[in-house]
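There are two complexes below, and they share chain A, which is joined by chain B in the first and by chain C in the second.
Presenting the complex of A and B:
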């Protein structure tokens, strides 16, 4: 390839296991990156995508080594280059934008210094010119008042701003190739959309080639010209973005796409069974064999090669890609819509709940005086009926998890009360709650790695609620544990396993089993799928829905992922800075987002389709705390009417579609404005 | 910031006040008092009365505490029982001696510890690390009374290079002291350096594997520049508190080492005055040691605060 910036030939990277076997993380990767092209590398965790991106900089993580192959940058093999020569290429010719900019900026050095350092290393500019250039770069990544920014330390910036600084730093050397490792993961939806838009602009403006590594097909769709799909250390599909995301001819990719919940397609997506094999466990046959619906005997014995299909301009690693290509346009039932039986009985009711994290000052404590009149969460009124799924959505800092914790009793509400069944008021403090109401409300956490005790077996974990609430013992206990595990589709042999011996999806199933073992009436789900891979996420969502059907459980579902919420919820409450903005049936909120914030939020959602672009309506400023008075969204609102927004809390109004919103603008007028 | 320093100093003073109360009360509730201890079998009648009179013990406890505290604030700890010296005169040279020993150990030990810690971390699992780590673990595990005794045996008795024990008067000048403190300094440094080197090693290793160091490498920052600019400032911050505790420990007198080498420092004074039941001195020592700990920890916290931009701006915001 003549115009290739980077050419990777037959690259394998791996490690030596404790038993002395050589295990590959990357297997025979061959591909290239052309000049000016943006290539998206997509795969789930453990697919080897980050290892590949680092290898493109000639960097192999400690413990790993190159088994074979080469990584050519203008015909120089980066993997066999001296450190000294690599220092000249890194940052100058190839630059990296890391996943977590907050942790990738050195904490004790000012932003300006860190950018200047890159300039000093990679350009011949004099000090005054460098200062000017630093400001230029910060301006280019659209950071306000660059001179002041340069004097700040990394921790003084918001996540989105840190990511912009990382982009500015990468651009300092005017690189030919930019590597981006999950650059928007962990950012809020609106911020993510803004950063992606910036990256698109930079790609056009500078003409650099980009490699964009992500698990998020939505983000990949927005930036890439070409997409490489990785599975278990191999490239399984490589071709133009529309071809890959609209008509994938590899069963893994099509399964992956089907398992993503989409805004345009309400209902629960199909899940893919199984999980990605651990490196070294597949010795023969196709690595996707176990999970493939099309697999036949041949697939288990022979591994397919990466085959170039000329008329589609796509390389694919599958024996049956032709079959898949022909089948594609057939209409399939892609999602199962949810139907919850909602009873006319209030399960939980929050009235005027306010929660504050501020510690009482010593003097205020002595005088028994309230010291915080601007609490993190304020004035929340919610009613949840039996059997309903209510979702709380909002960006980080919107107070959605705080509300959950307060319902669970982990955080004491400062004001207001929480009622449970038949208007029984739950004490704010966990200690004061009776065992039955503790049992009735269970919590599933975001990260099962942290919520499951690593020193307990699955049996011990699931037995806790059974012993605690029902006093089961011996045979009875064991039978019940097995029954609960079966409900979450885990076999009996899982009993003796420890969390570390389980995959991410299995761990979350155990967490779900633990919650259901208590036979709860309400389950609080705190971002339960956000630590999981897409294919596993669909499986967990489906599981939660089935269990709900069986037990009639009520869910309060917190998530920042609006598409997931669309898939699973009956009603949605939108929060901003701990204040409710809009609440209504999901269908209505998503079809006609009335509140300006809901509009902003939904506009920024990324669909795994390159032809659906996000709408950026508001600035992605991060506010540290809610405004003292007036509307909570006054600082970012694109439809602000004037002084009244700053001074008066907007009243509730109910639109004809049944959505209740809090805005000074009339609902009907909002609808006209959006047109 | 200033408010914070003020607050910390205030808290420190409260700590000292509580320490003084506890030591005073502790001394009060012990059976017998200074006079009965001092006079032993003659502790009756006129002699006892005279003693009480002289030491001012014939007034209620709270009054004595107040007058004692008043003296302490003015820097006067009262009189020692044995020898009837002013406690300030007893303490003065001891404090100086301990300072000499501590400063020598600090000046030698801390740079070596930092250096060893950094070397072992940068050459992790390579030859220098294996050798140094083995030695540090070894010298960490041997208790100081054994290493000190061994040092005396080898250097002083077999090789006859240096005096085995310190035979100088308590009020000796620094130049007289210096040749005598070589062995104690070595004995102290062995353990202290080893501890600190291990601490620094793990801290540097942790920072070396951080995302921002990986980022600096990928940015093309040359190795040593990366080490000095991106690694060390962040890795040594947590070391400040450990260094502070070590210094406080040294200044407070290294009891075992001082006893083994017969060194006239604060540590030995603690032992001596306890066995002599010289309670005013014990009381004074408790206050002094507490102030050393409070003071040095305060200094360390302030230093961390100044050097860590994250904490600094947090404090300013508040």
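Presenting the complex of A and C:
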């Protein structure tokens, strides 16, 4: 192909196992990247997408080697090139933007110097020209006042700005191909939308080919012209973005799309069963056979080839793609709506809770003076009924996890009190709480890798609360553990396993089992699905919902993902800088009129649909500290009315649907503005 | 889908696994062999020592190696071979128990400091720092000259001085796990400090502490031999490598054998322990090279 920048032919990369078997991570990848094209590579963890992206740079990770095939860049095979020749191509012709820009920038060198270094390496410009070019580059990635920015150190920039600097450095050599490995994964929703918009602009402006690797179909939808879907080291689907995301003709892709919660469709998405097979475990048949709804005997014996369907301009690896093409799902069949389990009984109440991380200064301590009048979390009033799911939503730094910690007793509230079951005030400190109230409130954490002790078996992990709260021992203990594991759909044979022998979803199930073993009334979920793959996320959400139905548990669900929150919650509270902005039943919060901050968040949500573009209404500035007076959102608000926002705390107003909004703008006026 | 159920491993099997992993590398195998050789030698040597280690005979002074006296004789006419194979016994025993004491108190204090943090941690660590700045050999000499050179004094004294480094390692390892959510989760459930240390922290820091303890053992061996060399370790006529080196070093120019034999014994044992500790660390998945000895 003439206009292909990169051509990958029959590429397989793998390793040799301890037993001496050759195990492939990538299997027979054939594809090409055309000039000026943006290709999205999507897949869940372990699908081989990062290995493929690295191979496109001529890099194979230590321990892996090329089994067969080639990776041609203008008819030079990168994988068989000498290191010295590769150096000329990397950075100059092919540049990479890593996932975490904060870690890829040298912390003790100024931004300008680091970009200059890239220029020195990849261009032949003289020093004056380089200085000019540095400013130009910083301007191009839309960093404000480039001259000042160049004098800053990486830690003085926010995550989004650091990612922009990484983009600027990658552009320094004027590359023909730009590889992006999950470039927006660690960023806040609004920042992510801004960075994606910038990448789109750069692709158009420079005509660079881009390869965008991500697990996030929403992000892929926004930037790509073409999408490659990877599963278990193989390309299963390859075609134009609209074709792939609107009517996927591979069962994995359609399952993946169905398991993503959507803003427009309330209710829990369907989950896919099972998990991606480990490399080397599939010897014959289709690698998706175990999880496929359409699978036949044929699929378990013969592995399908990547077949080009001409009228759709798509390559697909499935025997039954024609069936899928004709099948159209109705929206209602895609989600299970959540049942109302709310009882008219207050479970937990927070009144006027303020939390401060600031330490009292020694002198203030002596004078018994309040040292922090601008606490991290201020004035939180929340009431949660039994059986309700309340979601706390906000970007990083909004204080949502802080509130959870305070409810759990891990963090002392400075002011206010937390009531449990109508009128019992919970002590501020963990030590002062009685065992029963400790039992009643359980936590589930974001990352099961960290929340499960790596040196304990599943049995030991789940036994902890049972031994502590109920004093169970011996046979009784074991029976109870098995019962609890069954509740989270884990069999008895998991008892002797260690966390490292479980998949991400299984680990999170064990964490859920541990929380439910205590027979709690309230479960605090801290970003429980954000470390999980999309298909697993749906399964965990469904599990939580079922358990709630069985036990009548109350959830407080913290998340930055508005779509996930939409799927599971009854009521939503939106937080900014530790202050409540809006609270109300979730269907109302997701409808206008709403608080300007909710509007900004909703606008930035990325739908897995290339035709729904995010609306960027506010700047993606990161504020270090909440403002001392006035509205918490004054710094970024797109609808700021004037002086009053800076000086007075806005009043609570009740919107027409029963959601409370804290804004100086009248609700009716907000509705008109947001139409 | 077929499920692969892994059977729980017994502790004995785990130990076997670790040792076989250690022996799978050449350096580990060499280390283990040397260590095993020394241990076997120390246990069995009295059974086959060819001569009496304390028999003095002026007529046999400084004989070169021969078929009768394999490693020659020393300035008092004693058989160097006999004294060399017996010379590691005291050193090995004293330092082995010393290391265990160092491991226990260093590990316990380190974990405690790491867990409680704050002011208590600050104070304890500054005291440890202060001790680290004292030249240990002078302090040891002081203790030994005040309390005597019996093993009852030497074992705890060495254990104390070599445990300081372990405190730091144990504290650092505890700091690594203390921020993890499973500790937070245990706290939120309402477990006490002791239960958290025993159930949650110890299994995660045990490996690091044990590797550090193994390293300390070789350092301690060198330290103990230095004490003997200075005349404060083992009292004559009990054979000891440090003491033997000290006695024969003046005659090195014409009776090299009397110095060489104990030096080979001591250094091979230290190398053996070091290689074993390295292989042990690698078998447990800890890269010791990234952690500088304190």
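FYI, the second predicted complex is superposed on the first by the 669 of 675 C-alpha atoms of A that agree within 3 Å, B and C clash if a C-alpha of one lies under 4 Å from a C-alpha of the other, contacts with A are read in each partner's own complex, and residues count from 1 in each chain.
The rule we apply is simple: a contact is a pair of C-beta atoms (placed from the backbone, for glycine too) under 8 Å apart; a residue touches a chain by one contact, two chains touch by 3 or more.
Keep in mind it's a predicted model, so treat the numbers as computed, not measured.
Shared-chain residue A:435: touches chain C; no touch with chain B.
Of the two partner chains, chain C is the only one touched by A:456; chain B is not.
In the overlay built on the shared chain, the residue A:408 is in contact with chain C alone; chain B does not reach it. In the superposition on chain A, contact is made by A:445 with chain C only, not with chain B.
In the overlay built on the shared chain, the residue A:100 is in contact with chain B alone; chain C does not reach it.
With the contact threshold set out at the top, not one residue of chain A is in contact with chain B in one structure and with chain C in the other.
Contact residues on chain C toward chain A in their complex (touch as defined above): 1, 3, 5-8, 180-182, 184-191, 199-200, 203-204. The touching residues of chain B, counted against chain A in their complex, run 209-223, 229-230, 233-234, 237, 307-310, 313.
Interface residues of chain A, counted against chain C in their complex, comprise 274, 290, 408-410, 430, 433, 435, 438-439, 441-443, 445-447, 450-457, 460, 464-465, 468-469, 491, 493, 496-497, 501, 514, 518. Residues 57, 59, 62, 83, 86-92, 95-96, 98-100, 103-109, 117-118, 121-122, 153, 155-156, 166, 169, 173 of chain A touch chain B in their complex.
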